[in-house]
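Below: one structure in structure tokens.
When the chains are written out, they are named A, B, C, D, E and F in that same order, and each has its own residue count from 1.
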Amino acid sequence: MKVTVSRKAHFNAAHRLYRKDWSDEQNQAVYGKCSNPHYHGHNYELIVHITGDIDPETGYVMDMKILKNLIKIEVEDKMDHKNLNEEVPEFFDKIPTAENIIVVIYDLLKPKLDPSHELSITLYETPRNYVSYSG
Amino acid sequence: MKVTVSRKAHFNAAHRLYRKDWSDEQNQAVYGKCSNPHYHGHNYELIVHITGDIDPETGYVMDMKILKNLIKIEVEDKMDHKNLNEEVPEFFDKIPTAENIIVVIYDLLKPKLDPSHELSITLYETPRNYVSYSG
Amino acid sequence: MKVTVSRKAHFNAAHRLYRKDWSDEQNQAVYGKCSNPHYHGHNYELIVHITGDIDPETGYVMDMKILKNLIKIEVEDKMDHKNLNEEVPEFFDKIPTAENIIVVIYDLLKPKLDPSHELSITLYETPRNYVSYSG
Amino acid sequence: MKVTVSRKAHFNAAHRLYRKDWSDEQNQAVYGKCSNPHYHGHNYELIVHITGDIDPETGYVMDMKILKNLIKIEVEDKMDHKNLNEEVPEFFDKIPTAENIIVVIYDLLKPKLDPSHELSITLYETPRNYVSYSG
Amino acid sequence: MKVTVSRKAHFNAAHRLYRKDWSDEQNQAVYGKCSNPHYHGHNYELIVHITGDIDPETGYVMDMKILKNLIKIEVEDKMDHKNLNEEVPEFFDKIPTAENIIVVIYDLLKPKLDPSHELSITLYETPRNYVSYSG
Amino acid sequence: MKVTVSRKAHFNAAHRLYRKDWSDEQNQAVYGKCSNPHYHGHNYELIVHITGDIDPETGYVMDMKILKNLIKIEVEDKMDHKNLNEEVPEFFDKIPTAENIIVVIYDLLKPKLDPSHELSITLYETPRNYVSYSG
């Protein structure tokens, strides 16, 4: 009797898509205006899904207050109002595409969770583009 | 060639999270302001997902008018504008967390459906907290 | 050059619509299922609009962090996870219809604002029903 | 390390649900007001989900600009501002229920995608009714 | 102490934008794909705003159940699942642009309201295009 | 018989709130994390409202295709995927608060419109913070 509990959070960040080992032309050809050297930014909307058994005593899979706080410490404090390329070490050598950001967030959250819980994440980069990842 | 059809509905209800066999301190420690003895409430948003084969004659997996009516009879009439703890028998001995509510809704709807159909449910307690269950 | 800044907040509360000086039949006739003696509840979504001149030094009409905090202290701390009829003194003698709630919120916020600022409020009781008030 | 990338699009179309080999009474009994001979219409909201490995060089599963363009050519140009029954050949002999439309869209997009990518589609017919399909 | 109460509703309809006294080229030049002779359609989202004094006895500006029912009778029953050009007499001689539709809806609702109430309407033709009218 | 037509658009941009003539401490005190020297960013959602008479011939206040194109040329091409502080000349000497951005957008659009039309703008910086301006 597995139930999934989901919690929404968000953070605002600047980024650019750019490979240092490519020419500007290559970056422009692949990433287009997303490679703008002056950066652009997004309101990232994050949904964290935790799947597990309902605790028969509390009626909770996981206390959402704890999950909310975990997302704040592991993700928001690290990425909110930040420049992902310049200030978040995980992206010093990794391009902050939505795909790479979601894997980084997964790897930040997974070790902090009850090992019996499954983790899945959805990340909206814009209201029309989003990514999902389950490890 | 399985297709899932989904139908949204909603109901407004009061509830509190509270175990009678716990002290007020224990309830407060686990449920925080959700254990307020005077209750609080939510606009619950419910999404019912039915997966099955497309009927080659009608082009439907299931007539959404029938599903809409089933949700009305089994869920809305029972829970809308109600106090879950005081008025919905399923919660007389079960804490109305979102996790427990979704299992109750699943158990209300499943026996009314074509046995060849799979049922899955999503229940928003607030725009930021929701749960999902597939039996 | 007046600009309006708007900030969304929310609170979850229980309420019932009921006049003590009316018979149950009268209450039922006017308020229907909203008069349920066991209460029901909503996720209230609140939008506070402040209109004023842009401060030429800061570029702000009003610092949204201050407005966010003001809404928390004056509205959320008072109404969130509460039973409006039983726990919020303003409704001990006033029926907590959305119309009356919005006037109460307006009267709580207005004295705390810069007198040169105009205040307007929108309050969603459900995603389909909402009220607006400008004093 | 599979990630799903999702892209929203939309198109507006007219349709009616009607079987030529049924009497008007039968059509009315099954499809109700959806069988109106003068048609009615919807703002269809389409979400296309592509699951695959992250390209270690680009950080993309698939370039969303390419996916956006593919949806435009294969779906929007074909169905936007059209009468599905009268102008989209796939529905000359198939009833344009949401279930049938989503299978048609799947069959239009699948051959154009990298064979290593999985395709899944969500189609909203109204904000309250939607369908999903994964082949 | 005027408060505005707002109620959302919706209807799905087919339409085309087309003047009989213009050539097809003129219609195409002005209305583009909206002039498609086979029609297209929308999920129209309607918001009706009523401004008036709070009744000190009920705490209501207007009973939302009455407003909901009025919208159903005057607008939904007339336009939902209909072809506006072919089936709604108000558009036999008037082009069903969003602007003209909203004036027709205003004129249908206004005479049914308390004369002391002000009426304002918002009509979404798509999630990105909408119109507003206050008489 | 004035009707307002509204059109939604969006752009993604980086910015920081910072006055060169203030110390870092002053900037931090007023703008907090919004003054991060490495920038952060937003998905700005823009709604442009045009109020005017319905053209009796076309049934339009203004052709939404023209308005959509005007927003693209005057706003999106200038601000989308840009760093507002570094790349948009209007903000070289003006702090890109939402309040200042909306006035800049107003001043860009107003001269391009029919002088008989009134212009009003709404700009969402995040789903919870937005500003409105009518000149």
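Everything below uses one rule, namely that contacts are C-beta pairs under 8 Å (C-beta built on N, C-alpha and C of every residue); 3 or more make two chains touch, one makes a residue touch a chain.
As the structure is a prediction and not an experimental result, all values here were calculated from the model.
Where touching is counted per the definition, chain B and chain C have no chain in common.
With contact taken as defined at the outset, chain B and chain F are each touched by A, C.
Here the spacing of chain D and chain F, counted between their Cα centres, is 34 Å.
Centre to centre, using the average C-alpha position, chain A and chain F are separated by 28 Å. Within chain C, residues 127 each touch two or more of the remaining chains. Of all the residues in chain B, the ones that touch chain D in their complex are 1-9, 49, 54, 57-61, 63-65. Within the complex, the chain A residues that touch chain F are 10, 12-15, 33-34, 36, 38-43, 45, 80-83, 86-87, 126-127.
Within the complex formed with chain D, the residues of chain A that make contact are 17, 19, 30, 32, 94-100, 102-103, 127-134.
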